[in-house]
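In the two complexes below, chain A is the common chain; its partner is chain B in one and chain C in the other.
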Partner chain A sequence: MTYDLIGAVLFALLTIGIVAAAAGVVLINRITAAALFMAFAFLCNAGMFVLLGAETIAMFQVLIYVGAITVLILYGVMFTPQSERAYGLFFQQQKWLAAILVAPIGVAVGMLSFSFRDTGRPLAGGGDLVALATSVFRDFAFPFEIASVLLLAAMIGAIVLVKRDED
Partner chain B sequence: MPPGPFGLDPVLWAILRLLIAVLLAVGLVFNGALAQIYLERKIQAIMQDRVGPIHVGPWGLLQTFADAIKLLGKEDIRARLTDHWFFLAAPAIVFSPMLASYVVLPFGPGILGADLNVGLLYLTTLGSMTVLGIVIAGWASNNKYSLIGGLRSAGQLISYEVPQILSLVTVVLVVGSLSLTHIVDAQPGWQILALYLPLAFVTYFTAGLAETNRAPFDLPEAESELVAGFLTEYSGMRWGLFFVAEYGEVTVVSAIATTLWFGGWHGPWTDINPVVGPVLGALWFTLKTYFFVLVFMWVRATLPRLRIDQLMSLCWKFLIPVTLINLMVTAVLLLVFPDTHLPVAIANWVLLVLAAAAVPFFQRRRLVALRQRLAAA
Partner chain C sequence: MVVPIGAFIAVSAILFFIGVAGVLVRRNAVVILMCVELMLNATNLALVAFSRRAGLADERGSVFVIFVFVIAAAEVAVGLAIVLSAYRNRPTVDVDEVHALKG
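Up next is the complex of A and B:
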């Protein structure tokens, strides 16, 4: 047994986790359970990033997606009035149409995944922190700042919309 | 992969090492919780002029053990209308991130689970995962008090994460690394970062009190208004697990404060001997950490609980602006004077004094506004 084998086994487990959790999100009728499955898929995804040597991205994945976005979704679910009827999700009523639409994407994804070759080694030593920081704050500093201003504008817009309802 | 001792196969050693580390962390967490519950009861008793537990064992030392056995022996009660799987999962979701935090804490020179180069980020990430467990506990209990407790908790934890992370970023800027080992190495002898960055420490500690749901920020489980918040429907060891997680998190926050601002395991005689040194380092680390745990208890015995709107305005109107200004000033000063930390230290102390002086002023203004509103009504 070698270290490379452990890496492969972990990768397989994480893949199964992601696919199973994603299937759970789509197939399960209870929206809270779906949110939890989504959190689990995000966690497995973070594990993938760690395997690839991108720890920083893995941490942000968990921090933002599991810690913030899933909680936000749960909040949304809790504040949404729940009707008494058993609701099927929109997609579950249109199985055949969905299958037809998904098939081409499935073929493309399948071809891509089987043509994948391990081209580059994970970043050696020090992880991806310096590389990420350099690209965000030096090489792409301007687009990054533009994006942050855009987000700020969106946030202010949301607050203004909510405030207008109150008056 | 590091080769194992006694010529062990590296792969086997990696698995063994993981097992040992997890068992050690579990032991540390549970024993720490037992010790802290005893300490908490004794210290509150002293502060409130009582004697506290004295009957079970010498000085009541075995009281918490008796309580733990009682909790373990309790019937596992689950109300019929709770959401079964979520109800079972919630304590685990709260407990496991706390346990995982122990991986990166540097207990002594060379005594740590893994020296991640994103160690600090890892800790904040795990802290943010606790919210999920608490929200789910509140939702799954199918009880309005639980739900209000869970929602309050989510709001509180998400809000206080911001000043907490901003305070940590200030330290990271000064040290230039997210690795906890580097941060400890950056403060040898008396050059602890608390002398350079006192304001960041104060804001971090305040936010840490809120992050761990401790008094005066224990609104999610406020007994006087919410029965027991998200814990209402829990009993027996599930309830106990929430409390073990809380005490574990108090330890983690104290350990982060120790590591970042008070030199971690640095102390006298840590380099006299390759065997004694690390043990002494672990001892200094534990003593410093438990000092902050005691401060947590002191604060709980001293301050009354905040109201929910006071809690939110403290975070958004005071802590976040202060930490943002602090971060900006620190960053600019570090850019202007890359060789010395002295300007940063001076700016930090000045900001701390200004912030402390501004509190009574704003408090008075707020009270005046409140009085006017009451008079108008």
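Up next is the complex of A and C:
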């Protein structure tokens, strides 16, 4: 019972962290702060994965998102100039119209979200690594290889895109 | 009381909404990439929640999360490369100013 209470409290804290950090990414004008808020949102999301019992996914989340993608984004921030213009365009003029249009969609999505129920399958003990590895390397081995080729092609494409033309 | 799956899905939906708002509102191309990453994270959260709480006795949903990781890494690398090469041709990262493909 106390464990469930701790889980609920952690869920509330992580929810506050995710929503606040994501709102910070959208609302804060300083782009470096936005990138760090994005990293914090990723970290809270990793906490959510741990709460769900998917520790391996949480580890990949920390390695790939909090590590690699945040560093890549920060390099992108470093290589591009940050102008002092007003950061947004749309909300300044049509804030109320946007709120009116989004509110019914939000209500519908919220009702749909809370309509899902746990199916009562007990969480497997000992983490999710064995089940995950079995799925990846047996059922999804070929798509996994395709994904690795895609990643290689994307990296080569990125290098070609930013390479300077040497006349 | 264990946290129900609906709460996780609701957090995922909120995060996705914030990401969409960021993509629509912000002008800086790098910030738009960040908001796309937030949206991908929201889908990851939904996939893991369904996989752990509502699925069969395997981890198929989490496998798709790994594929989303791969796609996200490829997307942010190519996206930043496009931003940098666009900046090289025309010194701005403001998506309102980059309209070379506009008819």
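Convention: the second predicted complex is superposed on the first by the 130 of 167 C-alpha atoms of A that agree within 3 Å, B and C clash if a C-alpha of one lies under 4 Å from a C-alpha of the other, contacts with A are read in each partner's own complex, and residues count from 1 in each chain.
Basically, a residue touches a chain if its C-beta (ideal position, glycine included) is under 8 Å from a C-beta of that chain, and two chains touch if they have at least 3 such contacts.
Quick caveat, the model's predicted, so the values are computed rather than measured.
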Chain B and chain C placed together on chain A: clash or fit? fit
In this superposition, the partner of chain A with more touched residues, chain B or chain C, is C
Where does A:59 make contact in the superposed view: on chain B (first), on chain C (second), on both, or on neither? first
Worksheet item: If you stack the two complexes on chain A, which partner ends up touching A:36: first (chain B), second (chain C), both, or neither?
Response: first
Using the touch definition from the top, say if A:6 reaches chain B (first), chain C (second), both or neither. first
Q.
Quick check on the superposed pair: does A:78 touch chain B, chain C, both, or neither? Answer first, second, both or neither.
A. first
Partner chain(s) touched by A:68 [first = chain B, second = chain C, both, neither]:
both
Practice item. Report for A:157: first if it touches chain B alone, second if chain C alone, otherwise both or neither. Key: second
The superposition places the nearest Cα atoms of chain B and chain C at a distance, in Å, of 14
Chain A residues contacting chain B in one complex and chain C in the other 56, 60, 68, 75
Per the touch rule, the chain B residues reaching chain A in their complex are 1, 10-11, 83, 85-86, 89, 116-118, 121-122, 124-125, 128-129, 131-132, 135-136, 139, 147, 151, 154, 158, 161, 178
Per the touch rule, the chain C residues reaching chain A in their complex are 1-15, 17-19, 21-22, 24-31, 33-35, 37-38, 41, 44-45, 48-60, 62-63, 65-67, 69-78, 80-85, 87, 91-94, 96
Per the touch rule above, chain A residues touching chain C in the complex are 4, 7-8, 11, 15, 18-19, 22-23, 25-26, 31, 34-35, 38, 41-42, 45, 48-49, 51-54, 56-57, 60-61, 64-65, 68-69, 72-73, 75-77, 79-83, 85, 87-91, 102, 106, 109-110, 113-119, 121, 123-124, 128, 131-132, 134-136, 139-140, 143-144, 147-148, 150-151, 154-155, 157-159, 161-162
Within their complex, chain A touches chain B through residues 1-3, 6, 32-33, 36, 39, 55-56, 59-60, 62-63, 66-68, 70-71, 74-75, 78, 126-127, 129
